[in-house]
Amino acid sequence: MPPKVYITRRFHFSASHRIYNPAWDEVKNLEVFGKCSHPTGHGHNYELEVTVAGPVQPDTGYVMDLTRLRSSIEAAVIELLDHRNLNTDVPFLKGQIPSSENLIVALWAQIQPLLPEGVELVRLRLWETPRNSFEYYGETV
Amino acid sequence: MPPKVYITRRFHFSASHRIYNPAWDEVKNLEVFGKCSHPTGHGHNYELEVTVAGPVQPDTGYVMDLTRLRSSIEAAVIELLDHRNLNTDVPFLKGQIPSSENLIVALWAQIQPLLPEGVELVRLRLWETPRNSFEYYGETV
Amino acid sequence: MPPKVYITRRFHFSASHRIYNPAWDEVKNLEVFGKCSHPTGHGHNYELEVTVAGPVQPDTGYVMDLTRLRSSIEAAVIELLDHRNLNTDVPFLKGQIPSSENLIVALWAQIQPLLPEGVELVRLRLWETPRNSFEYYGETV
Amino acid sequence: MPPKVYITRRFHFSASHRIYNPAWDEVKNLEVFGKCSHPTGHGHNYELEVTVAGPVQPDTGYVMDLTRLRSSIEAAVIELLDHRNLNTDVPFLKGQIPSSENLIVALWAQIQPLLPEGVELVRLRLWETPRNSFEYYGETV
Amino acid sequence: MPPKVYITRRFHFSASHRIYNPAWDEVKNLEVFGKCSHPTGHGHNYELEVTVAGPVQPDTGYVMDLTRLRSSIEAAVIELLDHRNLNTDVPFLKGQIPSSENLIVALWAQIQPLLPEGVELVRLRLWETPRNSFEYYGETV
Amino acid sequence: MPPKVYITRRFHFSASHRIYNPAWDEVKNLEVFGKCSHPTGHGHNYELEVTVAGPVQPDTGYVMDLTRLRSSIEAAVIELLDHRNLNTDVPFLKGQIPSSENLIVALWAQIQPLLPEGVELVRLRLWETPRNSFEYYGETV
């Protein structure tokens, strides 16, 4: 039986957002979210780590071609996020508070269909800053 | 069922220590621990990564407020470690060899009570240097 | 004569901006600035390195107290930038295109008056992303 | 029961390789592997993270001596890889395509016998570049 | 007079090389260059930092468009180096020992003609590993 | 005339220290130096960057052999600092407050005699933490 290896590619995008629940007024938003809810927004350099796993293919020594993984995720996902406003510009975040938690769960649904058969999506890790990160493994509570 | 997301915050502290077992004489300590047991001690810039997990809250898009996680851990834990001597100054390390292994297990007990209900402590990772790190998941052997 | 030492402190802030010249119409702005001019803006995690220099003081071994340098710059500068929109929220950028070049020149004027006598501001370095940075030494062409 | 702690040491080596399947002709190799198959090869600064786990020893506060882990892996593994060509020079890669997947699986077999009793090899992580990494946990599919 | 600002862009390429002086025999090469002269070569992930300087343009707030700087250097320089062998594949290194010193001096001549009028090349910095780097300012001794 | 290239090597050491002026009493020391003067000391992972410059040698393509630079500085300097207490253990710091400013000036005098003829010491940069650094160019005020 072939060994199972996990491969990870890091992506980068710069975006702005404002944490804001439209069901609440400004006062409650500022009370709950603090400076993250300033009306004119703020932004981050996000780093996204995508980890997939599968058997090593004997004829290539690859789980899958990382260049193909990279270009398909850049075209289908990163292009929609980079230099954009997460509150207004991103189709797959419409109607959601653009927290990193909601973003990473939405990214799972975007990235999973891009993988070839036999390769599974295992982990997403998103850095909002070099000191804050978020992971999602496709689990529910 | 809501998605389960893992959130991680990195902390920094600078401390000194000496690896030393008081049940042994100096010769045996130096034999076992080498330069880590020099009598006048040495020190490190420690990086601590705290990972907690829980359901994404629909009204905030957060697992929990990271600013609150940060300030409670800084006040209750980092303040006791930063610019301190781990052999003599830290109440929750009293009577223990201040190795990174013992430190990370002691930190688990300090951090767990600080979390809100429904949020679990999942992983601590401690870097002693950029090339050495230690993880603890609350397990026993 | 005492040795001259340069000391550097790194600061972090997250902000949003849009590169946009109000003297031009939308078409020209997008033509010149590309994705940096998307109307809803984008953002970055900025890293700012402040370098000052002066003689080493014989009674402290310090050029100046780095903790004091840090807290004065955080209060007077970083507080005005962090989690803010550089186009609309920052008093010392009013009327300017919020490029990193204009930001770093404006920061020089904000930081210089905060230094104690005998300590000179030597260099500012601003990272917009981990791959793009900007330096200013107080020079004109 | 003693706590189980995971300890990780990072290693560095610089090597060259060419991704190439000798069962295929040049045209097919370039078609499948692209620039990774240029005949004269290319190279990387690899970073290898070795994670082992075991009970904390009460008399040392250590899972095992990290200095001993480091020197045994450097002597038995890193010495054979550093400043070498992975296609031609490394005994334990003979007859294999030197992809990072095959390299990490081969490293598992090299490193496991070096560990003391009671300490298990848990994870290898290999960075080919700062943006691409590979993990192996000893699993098969 | 407009302020003078320095802007820096980081580039990445992976290449192989062998340090070897063809005027010497194998014995002398190994004696002088050690493991850097292994006949089958080794490789690195190089990081190249290009710093240019000039006046801030009042209508853009830019010294020059960093996207344009990036794409011109990637097309004219990085494309020739990435996933290549520095001994055999790079036209502008022909006949030279591919040390980082010779590479950085050769890069200066390649990059300078790519800059727009009024923008000067100030500094190149090349990392061969995260611990070794080389700088060139266009000076002779 | 041969090109002048600057080469830099990074070193690492872990040490403890206490900022303390013996001419003052404890109260004044704590007032001036704050937590940096806690009696039992604290510590850091220091990173030291040594930059030297000289002409590129035509027969090697090197300014000087970086491996030789590395081993001479490790033997003569890093060995005296690593896993040591800067207040009590380091001969060339005797009688000095072990601030990073005094350390970097003392390191200049240690490192300069180690260089071969024709190679000059240009810059030392010392990181006390990832956010604080100190530079010395051999200047007086």
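Lettered A, B, C, D, E and F in written order, each chain numbered from 1.
The definition used in the following text is that a residue touches a chain if its C-beta (ideal position, glycine included) is under 8 Å from a C-beta of that chain, and two chains touch if they have at least 3 such contacts.
Since we're looking at a predicted model, the values are computed, not measured.
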{"item": "Graph distance between chain D and chain F, where chains that touch are linked", "value": "2"}
{"item": "Other chains in touch with both chain A and chain B", "value": "D"}
{"item": "Longest centre-to-centre distance from chain B, chain (CA-based)", "value": "E"}
{"item": "Same or different residue numbers at the chain C/chain F copy interface, by half rule", "value": "different"}
{"item": "Pair in D-E, B-D or A-C that repeats A-B, with over half of contact pairs matching by residue number", "value": "B-D"}
{"item": "Chain at maximum distance from chain C, centres defined as averaged CA atoms", "value": "D"}
{"item": "Gap in Å, rounded to a whole number, between the CA centres of chain D and chain A", "value": "28"}
{"item": "Where chain A and chain F are represented by their mean Cα positions, the distance between them in whole Å", "value": "42"}
{"item": "Per-residue multi-chain contacts in chain A, two or more chains", "value": "130"}
{"item": "Pairs of chains found to touch, sorted by chain label", "value": "A-B, A-C, A-D, B-D, B-F, C-E, C-F, D-E, E-F"}
{"item": "Of all residues in chain A, those that touch chain D in their complex", "value": "1-10, 51, 54-56, 59-63, 66-67"}
{"item": "Contacting residues of chain E [partner chain D, same complex]", "value": "12, 14-17, 35-36, 38, 40-45, 82-85, 87-89, 129-130"}
{"item": "Chain B residues touching chain D - in the complex, by the definition given at the top", "value": "19, 21, 23, 32-34, 96-102, 104-105, 130-137, 139-141"}
